[in-house]
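Same chain, two partners: chain A is paired with chain B first, then with chain C.
Up next, the complex of A and B:
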């Protein structure tokens, strides 16, 4: 029982509490749960998700497709289609106010102004019927007391900022006249046009060519440094995480299974899922046998275990794991893992 | 753009030729002899021969066709066998009436169909949506003539609000003109309104699911603007095309509506001409309608490109 001192549950389900950190985080999400109508009882697509982002910092949310990353970000933006989605618990304190209790009008006032989002699909995210300039400018006019002409000026500045060649010409271009990479630059210009405090980027490079991916990522990174915007970057690419993250939250089947500073996650991963994830990154170094994979797949909602959702795929799982959901516990300062046996070297040292 | 329109017109030419041949052939295949109709009771062979000679009805059919089509190209559609009035004059005097009816009906259809389609899409799955759908379905299923008769009974006969029939040119009395056209336009427009509503609804529903609608909302735009600017603009692309094509359908519907409300329009002209075996008039009217149809198709193609920036460059 000596390990009880090490483990301190940070959150109990649905009882939000603020963690005292040195700086007040810009966004503090506690116990966020989202349910889709028609899903089996008690199985939330996003379940008891907690994380926080500080001013100017980058939080990467990592996980395989379908783990609830996008749903989480859409819920924060207030863009989830309700129904079928329903936010059933939690809080999201953004600069002193709980996003989840705001009225739709208040949220619309925040969206595109103090918090903005970039989406995964640049090819379909721009309206084909309007020019680039019009689409950037309308977001500015919506939140700022400026004339249409001034907004267009600002739109032009933004196009220059995201390094679009011949920006004057592009202002009058339609989306179909541009490539995916250029459209994603436009989306970035649009998102940053009102100097948001928080930028949510949902897999912004996934749909792009590999060569373009790096450019876009560098661009986002540079603009973030220039403007001091906090960013939540959603990705499944651990290479990207290593490069840009300050903090990391690893999600599995709708839950955050591990979170902490990027160094801690990479150097000392604690959750078996995170460890598996690290093992499945191909590297250019000397090959040592087969690329490690996590056996099995994410269980469908109706087969979701009552306890830890990783149980069916976990090499260390036992009956307790299957029946009792572990809390997201702090195992080292700032480093949390949702596993009964974290830290693994203490509990399973012999086994692993 | 001009090249695109030019190409479209060129494509329309073979269609026109085929239509003209069909119109002419159908006439010749119809039973009944126009000469007998014209001659009336006295079947004097000499008179019949004279009439045949006069209207060149004894020439071989291809000769008749070329004679007809070449004069048609110069704007001469022949002379009504019945009234001795040039067909073109007859058409020109009736056409404005029908065009007025069609335009008013179209306005009714658009004014009812598009807003209810939008509301129904936005309120999908609610009572509003179901009500709108039921009304639209009734609009589609109720025959024009029945609705017309009911309206005449109620509004004209019982309440005496609007005249039951007749036509007054707008140049004579604009207000009376609108009053006489109101009911026919409504009757003709409702069926179209229903199909416009259904199309608007499904187009809007499709568009509302798009990623760019999410982007528009992510910018903080309010629902009204998201729906009326971002969604409607894209949903209009198929609707514009549909409306233009429905315009052709309107002409067909006008035939019946004009009969019910005894409006001296195009529809009445063709019905009378068919009953009187007035070949020249039937040919002229059908040819005109075909040209009108082809023109509306052309317009639909052009509008489709205009409302859809993605196609402008390809055009």
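Up next, the complex of A and C:
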């Protein structure tokens, strides 16, 4: 992680001492594989996924629908319904414990306390029958030995922390009385109420308007700097990734196809999928001709190729790609790509 | 973008208003002013974008322009003629010329009809063809939008989101329209599929000489596709301008804030942002004076009291702000998207070369 020096502080309130990281990652996921019952043999919905996050850092997992990014995060939180989903391999070391071997009881103690999650749709993840204050306090009472009144006090502090106007009034409000942006702030307040070490945010701004998205991203970043929480942010928006990530993992059809520091991914992308994705996004500058596209769609599980899963859509693919799965090989220190022909200009250059 | 749009107006909205709702028997009336006095003209052959945040009235405006809903006040003119006084058969004729593509391809197709019938329905309705000729036309349309004609007997649930959007586009094309309104046509799709549909819409526009009206919230998509942009806030147009001029030098403070909020896909250029505070006020109780004054960083007393008119700037752009001249100097706005890195540019070029080759050998549906 030698790119700290490059990262520009983004918010006005910036505390340098919390940026310093320990060498040991807080969460280290190795070879995580998840299988759904009934899927064809050998096709895991999440296959051999590895990544790590350090204290105070942000890892962005990028990918399109069905790439397994949400399943990965649910597996880490212990929220996958089993059956049909089964974790068939891998480990997830969180602060010295393997999350995947914990009992349900131990998991429940961890969830909402040392690790917490923010979901995409704040309306469906809040309970419409309880007030905001009750819902935030519930998680505090569950994990801390405090009275209801003390928990409410803490809930009020959290609402102030996420900059909700008139927090005393909002404490007694119901979710439907708030706008989408305000509800997402409540979700964040709830997730951070017990000072978690790890926060997983699954598309936290996708349902929001762009000006509200900018507010929420700034808020998350500021809170992260204040608390030193490690964050896994799941998104499909490359712009969001460029704004908040330290490390990036690009996922395609259940596998990490490229990973590395955010600068490396944007300045020096290696995998054809990453490159195709960047060519698919319209530029904000003056028009540069037609968009590059990625052919077709993600194949269904029964048609998934044996080798590299991007083969049917990849312009560079050949029979080797279809039959042998490429390893997630290191291209430069810390920058890995799962492609036989990376770097492309060497193996596929000269447009022969 | 290929045809230079002329200034002749194909579709025009004049002082359009749409107010929804009123009180029940016992409650005091709440009227939502979804669209409140909008005038605009869409030029023949151009791509005209309507942009704004949720609740700004952009979708309502799109539907008003097609008379899918009746305006509370104002007029819509197609080819210079009001479409509000048309009778049933005239309106049906009009529906051939003006078509719409919806945002959600999952909800806008009848799940109990097969794709062939969905696309054939407008052909049958307008009595354009029948029997074998009709089937051929359907097959043609499916090829045009990149679907396999052999899939005509399948049902919508058997297709992916991108393919469903193609079905919606084929159906919109079936009656040989002159103008298509796309209501967030790509926002429900994944990035890679979104690019396919954007390219398809542009190809079709060129091929059939269409005029496009795109209602969207994604500013990057709008910059890429459109010739002119209208920015809406709380039911009103606050700025209307050529696309490049708007993005290079936004005049209205709301446009400036909107552009500043877009995440820039370049980690090396992270910058602190001037953020817009607060939420959009309720359109049922819009603020007095300038509707943006509650969130505007430049607001003064005059803004609270007096409603700014949409005035024309010297270069033909329109802006509704009392102080747009002074604000311009404040340096806010204009987004600088840095060019892609050398490595990315090189590999993108390589990707395009190989991608073209990939399409050549067999003309399959993407």
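One rule holds for everything that comes next: the second predicted complex is superposed on the first by the 329 of 352 C-alpha atoms of A that agree within 3 Å, B and C clash if a C-alpha of one lies under 4 Å from a C-alpha of the other, contacts with A are read in each partner's own complex, and residues count from 1 in each chain.
Just so it is clear, a contact is a pair of C-beta atoms (placed from the backbone, for glycine too) under 8 Å apart; a residue touches a chain by one contact, two chains touch by 3 or more.
Note that the structure is a prediction, hence the values are computed from the model and not measured.
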Combined model on chain A: chain C and chain B, fit or clash: fit
Which partner, chain B or chain C, touches more chain A residues: C
Contacts of A:213 with chain B and chain C, given as first, second, both or neither: second
Partner chain(s) touched by A:82 [first = chain B, second = chain C, both, neither]: neither
Touching partner for A:323 - first (chain B), second (chain C), both, neither: neither
Partner chain(s) touched by A:187 [first = chain B, second = chain C, both, neither]: first
First, second, both or neither for A:97, with chain B first and chain C second: neither
Partner chain in contact with A:176 - chain B first, chain C second, else both or neither: first
First, second, both or neither for A:117, with chain B first and chain C second: first
Smallest distance from any CA atom of chain C to any CA atom of chain B, in Å, after fitting: 10
Touching both chain C and chain B, counted on chain A across the two superposed complexes: none
Interfacial residue positions of chain A with respect to chain C in the complex: 6-12, 64-65, 165, 179-182, 209-215, 217-218, 236-243, 245, 262-263, 266-270, 272, 275-287, 290-297, 315-316, 344-345, 348-349, 351
Touching residues on chain B, where the partner in the complex is chain A: 210-212, 214-222, 230, 233-234, 307-310, 313
Chain A residues within the chain B interface of the complex: 77, 79, 105, 108-113, 116-117, 119, 121, 124-130, 138-139, 142-143, 174, 176-177, 187, 190-191
Chain A partner contacts - residues on chain C that touch it in the complex: 1, 53-54, 160-163, 190-196, 198-199, 202, 217, 219-221, 223-225, 244, 247, 257-258, 260-268, 270-273, 275-280, 335-337, 339-341, 343-344, 346-348, 350-355, 357-359, 366
